[in-house]
Structures are given as structure tokens and as C-alpha cells.
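Below: a set of structures, written as C-alpha cells.
Two complexes are shown next, each including subunit A; its partner changes from subunit B in the first to subunit C in the second.
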Partner chain A sequence: MTAAQQLPALAAPATGTTVTCVFAILGGDGPAAPAAGPEGGHEGGGALRLLPLAARLRALVQDVPAADFTEDALRRRLADPARLEVCARAHHAVVTAAAAGGPVVPLPLATLFTDDRRAVAALDARRQQFLAALELVTGRAEWALKVSAGRPEASAAPAAGHPSPVPAGGQGAAYLARVRGQERDRTARQEAALRAARHAHDTAAAFAVSSVRRRPHGTEVTGRDRHQVLNAAYLVDDARAAELASAVRALAGTYRDLGLHVELSGPWVPYSFTGQTAGEGE
Partner chain B sequence: MSGPRLDLDPDSAARDLVGLVLTLVELVRQLMERQAVRRIDQGGLTAEQEERLGVTLMHLDRAMDELCTRHGLRREDLNLDLGPLGPLLADRDW
Partner chain C sequence: MTALEYTTAAEPYGPTPATANLAEILERILDKGIVIAGDIKIDLLDIELLTIRLRLFVSSVETAKLAGIDWWETDPALSSRAAEHALTRENQQLRERLAELETRGERPPRRRSRTGDPEGGDAG
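Moving on to the complex of A and B:
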């Protein structure tokens, strides 16, 4: 984690000292003050402010209490789902508000530096990456597409039997025939769902300048009765967003018969498309 | 993230252990069932052998239901999350 690498000197901070938390990098043409105003950011921190960098970039930063952001304190906080959520929501709210004013490169949650001087030095060293990322996302937004399959209808359940030829044997042969029929139905259904997911991805990707497919969420996120088959993000020109939405609507209609649920969401801050360039150090 | 963990409270530890054992038994049962279907599809079995195999597997399936009921588990509870490899038992519910 970036925080761990950047905070080696902070094991025992003096009380009352602060560290610089960076939320995002902004281009030179946006508003001169934080779009969200000085409020917001992490609990207990100071006002949000813009820190000038080289190449007319600005960093959106906040002074946060050093004691809350030591390596230990952070590890404890990020391991606790409830507190992690508070932290992530604060981060996301700041980044989203900033993105309303112009293109941004969001930095990972809890990107910390001991002071402004070090933040500027480290961020300036990565300005080529930030400039490239800003250029990529300017006039574009991230859209997320998720496709999930519902539980099979009750009619497909075992008890309904299967019209496959039941061998003339007894109940044992009948049982095996049923097992085979179910297996075949299930495989056919799953293959259809995966084919549909590929097709949905190809359809959406045609409107995008870049796309990523992620490992689908498990049932702990989707709920027991849904199985996600596509979890992807697309970087789309703002001018093409409406076309994407209507293409996905058309797909959703086609897939409803297959028991598939298609969900497009956005526009999002392009977290998925600034990472490779912004998230890694040299 | 805190996923499901082995709780060391004696009662729930015993239940978790039963769940783990039944999951492995279920894995073997499913493998046997699939293998049986494959053998039959290859046509290598007589009708009588098929019947016996079917009855055995049917009884195993019922026995699993009974064991689950007795230990307060549902069949769909039997699984292990192998992280990046996905679940141990193929998801049969979609």
C-alpha cells in the first residue's frame, strides 16, 4: 500500500502534528478553489485546499491528524469494514466533487505525505503520468456495466423432472437420467449467460476508448439469488454516453428472456482508467 | 475484509467442522455422480449396473440431505471459498 511506503517516519508522531493527505490531481484549467468548498474530507482534518504542482497541475489535499494516520492506525482502520467504509466514502465524496469541476486523476485512498514539501516533490516526479492520465480522461467518464443471472425458475428445478428419455430401468436409472438432464440444462443456461456477458461487453466496448473486465462479484455482494457474469468498466466520450445507454437498454430487453439482469451505471470518476498510470510508482 | 472465520466457541467450532467435513463429502459425491453420468454416456455399463449405480447415488444424495438437516445446515451452505480460485463446489444455483 502506498501509505505504508510513504509513512516510515511517522511511527510515533507528536500530538497535534498533521500530515498531508492527497485525494486527486487536477489539471490547470479547473476552478481555483476546491469544488466542494473547504468542507468535507476525512474526519478531524483541516480544510480542503489546492496545492500547486509543476506543469500547472494541482493536488487536492487536506491536512489530517498524524496520530490518526500512522501505519498502525491506518492498518487497524482499513481492516474494519465499517470504518473503512466511512474513510472510503469521504475520499470518494471529495474526488467526485472535484471531478464536477474538470478532469481529475483520483489517487488511492489514504495517499499520505509527511508534509506539503514532500508531497510536491513526490507528485512532481510523476507529472508525466498525471498529464497522460488527465489527457486520457478529459471529456470522458467511466461507466460500469454489470450483468447477472437470476436463479433458475422453479420449472427448471429438479422436482419438475426432465423430458429426457427415461431408461426402461427402475428408480436408479431414473435418478441418473434426472441428474444428467439437470446437468445439461444448467450447463446450457450458464453457457448462454456467459455468451451474453461477452456480447454485452463487446457491445459496450464499441462505444468506449478503453475498457476493463473485472472478476465478477461473489454472492456476498450480489445476494444469494443473483450470479454476476459481467463486471466491467468503460471509459466513454461524454458525447457517446447516450448512445451507450440506449444500446445497453436494447440489450437488457433482449436478455430479459434469458433471466439476465443488465445494469449500466455512471458517469463515474474514471478510477479504473487512471490507475495504471497514476497508482504505480516509478 | 473479514470473511467467515472459524469461531473458537466450542459449539460453533463443532458446527463449522461438521460443515467442512460435509462439504468435502459433498465434493466427492458430486464427482462420483459426474463420473457415473460420463460412464453411462460412454455406454460402458449394462442396464443392471446403471440401475445399481443410480440407486446408490440416489441414496447418497438423500443421506446428504438428512445429514444437513440433522446439523442445521442447508445444502447450499456447503462450500468453501478458495479466494481467487472461486468456490470449491461449482455453483449449481444459477
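Moving on to the complex of A and C:
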């Protein structure tokens, strides 16, 4: 796949040359035109269009300026949080809009080919995987479930307010009792949070045909006073989405007293489940 | 994206990408799904985006520590390891305190040495 890169293409400075950026693979039965409209996609790129592939698949693509999508340019752009965000949202918007018209297999951000011909060749070679993925996600969507715990200081202040009665054993025994009490509180909170995370996951997974647990987000995302204990995604039949939502609502009510926050988001394009069909997992 | 929390019901398919949580988008579009080696290599993502991703995710204990995201290890409320450390520390403190009390002759009432005290344990 690196053949094109070894060509002395650099000799000819890009005069309005473009490369082909692929956003997603669509099945054969969806709309004939990109749902996002011609104006979506990456900045400076051309109109979104559908590229016919083998097995009646289509690739949702955009011609993007070659100069903006070199390795160097990409590296600089994607390492800049603000520009990364623009890129990420543009990609996500195109994929999401396409999914409204039928099942899609989203491809990772910035899947790039030097031209259509090379894109078709590379994509056709994976058609079995695309077909299997489309079958898996048809009529289903991805839902995200997150559980986070408040800081222990906030949710369960140590019982320092009321001086505990001095037991018969005197100061040493009192010290012992206090230390044991604190340790019990800590252990109990920890176990409660982890148990809740497991329980929430099991509850949601019961509605799903597949599920993945992800790394929890750091406090940069959740805020310093929240610790995420569950970050998971579920592939759910559209017909069961409402059931999932009400089950999660019930959970959230139960967990509120424990200082736990439960959040369900979706439906997402099933990003997290299209890579599993080839048996090579995540 | 429709954040349901526990107030609203499921909505028809139609998320709003503009309002979706960026971290949630990134963890999906960077390397999930079917990854195809394109002509323009962006394996660089793994390296160049690390700085950003470290701030967003608790990627592993080691990287999290490097990035200063060490609550997982140090917050006793969430880390069994930290809880163990806390226990060990407190155990040690207790032992020291007991030893100190014993050398001062302030034995707690009704106390009998039960654990491997070399000179005790022969109460009969």
C-alpha cells in the first residue's frame, strides 16, 4: 500500500491537487446522494460524494487539498487541540449525517488515499469485512454509559463532627476504633462505586448484542471532583433503546444516594462495534 | 448528542454532533472500527496525539502516572491498591504505638499477647 508514496510525486508542486478522504462505507440500499449535503466535510475540501465499490457498497468521500493532508500537515493540525476538534467534529458530523440514511461503517479520522482509484482498490479488498459489519449494525445503534463518583470528601465526610465516646480501653483503643472506622468507610465507598459500575454495566449489557468497556476519562474531562468508574458502549437494537433508557433512569435514581452520577448518551453511529467482525477485536 | 442522564427519553436517530462531548468523539474516531492503511500514513496519531489523549483518558496506570492522573492509585475511595497501602501504613502506626505503650508499661487492660510475642503466650 505504500507504492504511491514512493513515486517522485514531490517533484511536481501541488497545483490544486487533491487526495481522497474516506469517511464511511455505506450499504447498497441507502440514498444515492450524501445525506450531509455537498457543503459538509473538511475545510477547504470539495463536495461530499459517493464512490461506487464492489458488492454494491459505496464509499462516502471528499476531495481534500493534498497540501493540507500531508503527514506533516496532519501531524501539526491534529496535535493542536483546537484544530483537532474542528477536524474531529467535521468527521463525526459527516458520518452521523450519513447514518441517518441507512447503516454505515465509519472509518477512522483521516483515512486518506492519493486518488479514487487507490481508494477503491484498498476498500474493495476489505469488502467482506464491510459487509459483515453492515449486517451487524443494521437496525442497531451505539449507546454510551458513564458512571462517575464524587470525591469522597464531598459524598461522605468523615465522622469527625461528633466525638466518639471513649471506650473502656482508653485512648489507645479509641485511636484503634477511629482508624478502623475510617478504613471501613473508605473500603465501603470504594466497593460501592466499583460494585455500582459493574452492576450498571451488567444492566445495560442485558439490552445489548455487544458491549465494550473503555478506559475511564480523566479528570480533565470529568472535572477534578468526579472520578469516572465506568465508560462503556453498547450496541443495541433500535427497538430496545427505550427499554435501555428507562433501565438506566432507574439505576440513576438508585445511585444518586451513593453520590454516583449516571449518564447515558446516544444514539451514536456504531463506531465501537464495526471492528469486531473480522475476529480481530478492538 | 442527546445526553439522557435520567430526565429525558430516547429520541429518534438524530444526534447533534456539534454538542457531543469531544472526548467521546475522539475515543471513537481515532482508532476504532475498521482501520485501513491509507496512502498518507497517520500512524503518527498514536504518537503525536498522545499528549492530548493523556489529558483525556486514563490510558493505563503507567501513562496516567506520567500525566499526573494518579487518582486511580492514590484515591483510597477508588483504588484497592491505595487502600492496601493505607492499611499497611496504619497497621505500622498501630504497631509502633502499641510498642511504645508497652515499653512505658501502660498495658491496655485485659490484653493478652496473641500474635507471636516471643516471651508471652504461656498463660497456663
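Some observations on this one:
The definition used in the following text is that the second predicted complex is superposed on the first by the 232 of 282 C-alpha atoms of A that agree within 3 Å, B and C clash if a C-alpha of one lies under 4 Å from a C-alpha of the other, contacts with A are read in each partner's own complex, and residues count from 1 in each chain.
By our rule, a contact is a pair of C-beta atoms (placed from the backbone, for glycine too) under 8 Å apart; a residue touches a chain by one contact, two chains touch by 3 or more.
On a predicted model such as this, the values are computed, not experimentally measured, just so you know.
When the shared chain is aligned, subunit B and subunit C each come close enough to touch A:Ala173.
Looking at the shared chain after the overlay, A:Tyr234 reaches neither subunit B nor subunit C. Put simply, more of the residues of subunit A are touched by C, taking subunit B and subunit C as the two choices.
By the touch criterion stated above, A:Pro106 is placed in contact with subunit C alone, subunit B being left untouched. Contacts of A:Arg186 after superposition on the shared chain: both subunit B and subunit C are touched.
In the superposed model, A:Ala149 makes contact with both subunit B and subunit C. Of the two partner chains, subunit C is the only one that A:Ala242 touches; subunit B does not reach it.
Of the two partner chains, subunit C is the only one touched by A:Leu264; subunit B is not. Judged by the touch definition given at the top, the superposed model places A:Pro81 against both subunit B and subunit C.
Comparing the two complexes, residues 79, 81, 149, 151-152, 168-170, 172-173, 175-176, 179, 183, 186, 189-190, 193, 215, 218, 227 of subunit A contact subunit B in one case and subunit C in the other. Residue ranges on subunit B touching subunit A, taken from their complex, read 1-2, 33-34, 36-37, 40-41, 47, 50-58, 61, 76, 81, 84, 91-94. The touching residues of subunit A, counted against subunit C in their complex, run 1-2, 4-5, 19, 22, 69-71, 74-75, 78-79, 81, 84-85, 88-89, 91-93, 95-96, 99-100, 105-114, 118, 122-123, 126, 129-130, 133, 141, 144, 149, 151-152, 168-170, 172-173, 175-176, 179, 183, 186-187, 189-190, 193-194, 214-221, 227-229, 238, 241-242, 244-246, 248-249, 252-253, 262-268, 271-272, 274-275, 278, 282. Those residues of subunit A whose C-beta lies close enough to touch subunit B in the complex are 79, 81, 149-152, 167-176, 179-180, 183, 186, 189-190, 193, 215, 218, 224, 226-227. Those residues of subunit C lying in contact with subunit A across their complex are 1-6, 9-10, 13-15, 17-18, 20-42, 44-45, 48-49, 51-52, 54-60, 64, 67, 69, 71, 75-80, 83, 86-87, 90, 93-94, 97-98, 101, 106, 108-109.
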